[in-house]
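One chain, chain A, links the two complexes that follow: it is found with chain B in the first and with chain C in the second.
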Partner chain A sequence: MNDLTIAISAGALEDTFGALIEIFSFQFSKSTGGSVQFSINVQCHFERGQMTLMPPDPASLIYQGGYFDLSDVVIKWDRLDLGVTVHIPGVNVGGFCLLPTPWGCAIQIPPTTLFDVDITATIPIDNIVDSRLDLGVAPVPTHVWNSDLQTYQWLLVPHVVWQELQLLDIADTVADLIDGLITNLVNDALGFLPDWAKDIIDELVGGLANLIRGLLSLPTDLQAWLSNLLRVSLDPFDFIVQLVENYFQNDLSLYSLNDPMAVLPKQTTPVALPAVTMPITNVSIDVDATEVVIGVTS
Partner chain B sequence: MALTPPGDLYLGLNDSIFPKVFAAIVSQRPSLLNYATSYFASNPQTWCQPIASPTGTPPVTVVSPLQLTTDNSVPSVDLLIQITNIAAGFGKDTVGLPPSMQPLPPQRIALKISFAARFSIPKLDPSTIGCPDNNPFSKASFPPHLCSCFTGDLFLTAAGDIMQCDSNMWITFALDQFDSTNITPAGLQETANYFLALLVDTKLLPQMWFNVAPAVIDLSKTLPASAPIKTITVTPSAPAGSPNPNIASDLLEARSILTVTTP
Partner chain C sequence: MIKPGISKLNSNIFATTELDTSQLTSQIVLVVPTQKQGRYRGVISLSGATAATFSLAVLPSPAEPFAIIDLSDIPSSDYTFNVVEMAGKGNLVIHVSDDTEGPRAVQVANDSGLLVDNRQLTGNQQVILNLYRPGVHQVTDLTGGGQCTITVNQLLPSPPPWPTAQITVAVQQPDPTKAATQMVPSSVTKSPLQPLVFTLPASTTTVPNIHLVTDLLAVTDRFRTELTEKGRARNFRI
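== the complex of A and B ==
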C-alpha cells in the first residue's frame, strides 16, 4: 500500500517529456582509419515525434515492463559534414620535350614527381540524409547518493530499453554531391596553381578526378555506398543513441524525492530547528496506456 | 481504473502515513506536541509523559502562564499540555468517534488526539498573610501546588480545501466538529474541548497544510531558449460532481489539469 500516489496522464507526459526531447542537441566528430579516411562532423537536435505509453507485456521479447514509446523522433541536422582525406601517391611526370622545333627542344619538361600528399575536402550532406529514431524509454526507480545535496534520493531514471533507427533515406542527388566532393579534392590538390597550370597538370596525370575516384573505390551505386559508410563505418546514429542513453541515465531524472523526505520544513523562528523527515523505503512505478502511476512508501 | 481523468495530475495521500508522520514528529520535533510554561519546561520530572528530544532540540514549546488578573494580584497558573497520540482516518471513522459525532459526514477526516495535561496552581500559605489594613498579601507566599496529570481524547472532524495563493496551490484543513471523552462534568468538558480546539486550529492543522504544486511552473529560466515549453500551469480540476479534494476510503485525493505554454 502506497502512502503517497502520484499519477500523470499520457497527454500531460506527451506535452512535457515528449516535447522536452527537443532540447537535446549533440555535437561530435567521428572518423575512420586507413589510406582513405572518411570523417563526419555532426551537430544535430531532435524534433519530437509521437509519444505513447506502452503497458507491460509479458509476451514481449524485447522488454516486458511498461515504457514510453517515443516514435518518429526526427534527427534534425544543424550540421552534417562529410569529410574525406585521401593520399595521392607520387606521379612521375616530365622528362620530355613539350615543344620540339627543327632546331631542338624549345620547352623541355624536366622529370619530376607530383603529389605524394594528403588532400582533404568536406561537403555538407545534411540536406540529403533524412533519419528518424524510435526509442523505448522505461522509467526505473533508483536509489542513489547525491553528494551535492548530501542525501540519498529516489530518482525515476529513464532507461533506453530499445531503440531502432528507421531506414536511412539518402536522396538520389548524392551523385552530384560526390562530384562536388571530388572537385573539392582536386582543388585542394591543385588549388595553389593558376587555372592554365591546373589544366596542364590534369592532362599530364591523365585526369586527377579519375585518379581520385579510383583511390576512393567509388562504386556505381553511390546511394548504397554512402548509406553503408554512414551506417557501418561512421555510424553517427549509434553514437547519438549512446549520448541519449548516457544523458537519460546519468543526467536526467523524471522525478526525484529525497530520502529521508522532509514532512515539516525547517524552522528558523523562534527557535532554529531542522526539518522533520521520514525515510522513504520504496518508490514504484506503473505504466499503462493512459497514465503513469508513481507510488511512494515510507 | 485510471486515476487522472478528466485531468492530468493525481495526488493521493493514504491515511497510513499519519502514524509515521506522528512518530517522526515525536522523535524529531517534540516541541510541536508538548506545550508548557517555563516552570514545567524546566522540571522534566513533572511531565506527564517523558519526552525524548534530539540534542539541541527543545522538548517543549514554552507558553506563557495563565495570568488571571492584569495587576498580578493573583499569581499566575502554570500548565502543561502533552499530545500523546494522533490517529486519523480519511473519509472513514477508523478512530472510534464518540456517538455525538457519528456518523462521520462525507468528505471529512476523522481525528483522535490523545492528550495529557497538568496544572500547577499557587496556593497561599496562610501563615504569610500580613495585616489587613496594610496590603495583607505584600509578603505572602504562594508555593505551587502540583495537580495530578489527567488525560483525555479529543475527537475532531476536519474538511479539506484547495486554495490557490499567488503562484502556489495548497491543500488546507479546518475543523468543523469536535468533542472529547474522559472529561466530566459537561461544562469542564466543553471548556477543555474549545481550549484544545484552539490549539489544534492554530498550531496543529496548519502543519498539515501542504503545497501541492506551484500553480505556475516557469521553465523559461531553467530550459534553453530553444525549449518548446515555457510554462506549465496547474489548475485544480475534478470529474463533474466530484469534490476536489476528495476525502474517502482512506484517501485524500486531489486532481489537476496541466496546461503547457510555448515560447
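== the complex of A and C ==
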C-alpha cells in the first residue's frame, strides 16, 4: 500500500513534456565514402506534437506497460545541408603527334593537364525535406544520488520504448535543387576563371556540368534518389533517434522526489522540533487515460 | 577515389596570355633534334637559380626516337634521359607541366658544345606555342624582327568540335647577309585549341639565334571586343 500518492494530469504532463522536447537541439554531420562523397550537416530541434496517455495493454506486441504516446513530433531543421565532393579526373589540353611515321609517332608532344581535382559544393535542403517522429515513452522510476543537493532522489525518467519515423516527404523541386548543386560544383571548379576560359574548358569536356552529372550518375527519378541517399546512405534519422533516447534517459526528469522526503520542516518555536522526513523505498507508476499516478512507499 | 590536397586547376594556362621563349611556361614546348652521340648535362633554372639537373644520353641506333623532358618534374638529379642520335630522327621534347612556381630556363650541353639553350634557340629546333586567349596576338622574333599575327577565334556557338590540328609557321631568314627574319604565313586564324608550330631557320652570323615573344593586341571574345594597351600603342585596328 502506498504511503503517498501523487497524481499528475494529462494536460500538465503534456505541457511539461512539450516544453522539455522543444528546448532540445543538436547538431552533427555524416558522410559517405567512395569516388563521389556525399555528406550531411544537421542542426535541428523539435516541435511538440500531440501527447496521449496510454494505459497498460497486456495484448500489445510492442510494450505492455503504460506509456506516453508522442505523435507528430516535427523535426525542425535549423540547418540541413547536403554536400558533395567529386573528383574530376585529368582533363588534358593539347598533345599531338608532331611527326607520325608508319611505325608510330616519332615526336609526341605531351598535353597539359588542366584538371585533376576534387570539387565540393554544399546546398541547403531543409526546405524540401519534411520529417516527423512518433515516440512511445514510458516513465521509469529511477533512484539516483544528486551530488548538487547532496541527497538521493527518485526521478521519473522517460524511456523511449518504441519509435517510428514517418517517411520523408521530399518536395518535387528536387530537380531544381540538383541543378543548383551542380552549378555550385562548377563554380567551385571554375569560379575564379574568366568567362572565355570557362568556354574553353566547356568545349574540352563537353560541358563541365554534363561531366559532373555523369560522375554523379544521377537517375531520372531524383526524388527517389535523394530519398535513398538520405534514408539509407547518410541516414541522419537513426542518429537523431539515438540522440533523443540518450537525451530522454540521461538528461530529462519529469518529476523528482528527494529521498528521504521532507514531510514536516524543522521547527524552532514554540517548541524546537527536528524535521520530519520519510525514507522512500519504492516508487510505482500507473498510467491511465487521464493521469499518471505516482505511488510512494516508505 | 577522392584525392586530398590537389590543386584545383592548372590556372596559369589561362592567367598567362603573353609568352616568351626565354621563359618556358606550360604553354611552350621545344622540340630539339639531337646532334652527336654523347652524354650531356641538363641544368634547369627557376628564378635565376638552378632548380634541377639531369643527364642526357644520346645513343646510337637503336634507341628511343624521342625523350620527353618535363622541366618541372625531373625524377632525380642523376636521372638520365635516353634518345637516339640519327639526323632528323632523335629529338628532345622539352616542356613544363606545372609552372605555378614560375617559368623555367634550360640548358643542355657537354664539353663539345651546346645542344639547346632556350634563351638561344637555333636552326632545326621547333617551338610550339599554345595561345588560348581569344583575341589578336602578335608573335615577334626579337632577333630578326619577323612577325606573325595570330587571331584566336572563339567559335560560339560551338560547332562541335573546335579544330585542334596544329598550324605551322616558318621563321625564315630570306637573306643570310641581313639580320632580318620573316614569318610565313604572316597571319594565322585558329581556334583556342590549335597549337602553333614554329620552325626556326639555321643559325647564321647575322641571326645566330631566335627569340620569340607574343603580345596580346586585342581581346575578341563573346563578352567584349577591345584593344589592349599594346594594341593601342601599336595603332592596331580590329
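Just so it is clear, the second predicted complex is superposed on the first by the 258 of 298 C-alpha atoms of A that agree within 3 Å, B and C clash if a C-alpha of one lies under 4 Å from a C-alpha of the other, contacts with A are read in each partner's own complex, and residues count from 1 in each chain.
The working rule: a residue touches a chain if its C-beta (ideal position, glycine included) is under 8 Å from a C-beta of that chain, and two chains touch if they have at least 3 such contacts.
Since the model is a prediction, treat every value here as computed from it, not as a measurement.
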{"item": "Partner chain(s) touched by A:I107 [first = chain B, second = chain C, both, neither]", "value": "second"}
{"item": "Touching partner for A:T85 - first (chain B), second (chain C), both, neither", "value": "second"}
{"item": "Which superposed partner A:M1 touches (first chain B, second chain C, both, neither)", "value": "first"}
{"item": "Touched partner set for A:L20, first chain B, second chain C, both or neither", "value": "first"}
{"item": "Complex contacts: residues of chain A adjacent to chain B", "value": "1-9, 11-12, 15-16, 19-20, 22-23, 25, 45, 48, 263-264, 267, 271, 273-274, 276-278, 288, 290-291, 293, 298"}
{"item": "Chain C - residues contacting chain A, complex", "value": "1-4, 6-11, 13-14, 26-27, 29, 31, 65-66, 68, 70, 89, 91, 93, 95, 97, 126, 128, 130, 132-134, 154, 156, 158, 160-162, 164-166, 192-193, 195, 197, 219, 221-223"}
{"item": "Sites on chain A touched by chain C in the complex", "value": "34-35, 37, 85, 87, 93-94, 96, 98-99, 106-110, 112-119, 188-190, 192-197, 199-200, 202-204, 206"}
{"item": "Chain A contact footprint on chain B (complex, rising order)", "value": "2-5, 7-14, 16-17, 20-21, 24-25, 28-29, 31-32, 57-58, 207, 223-224, 226-229, 232, 258, 260"}
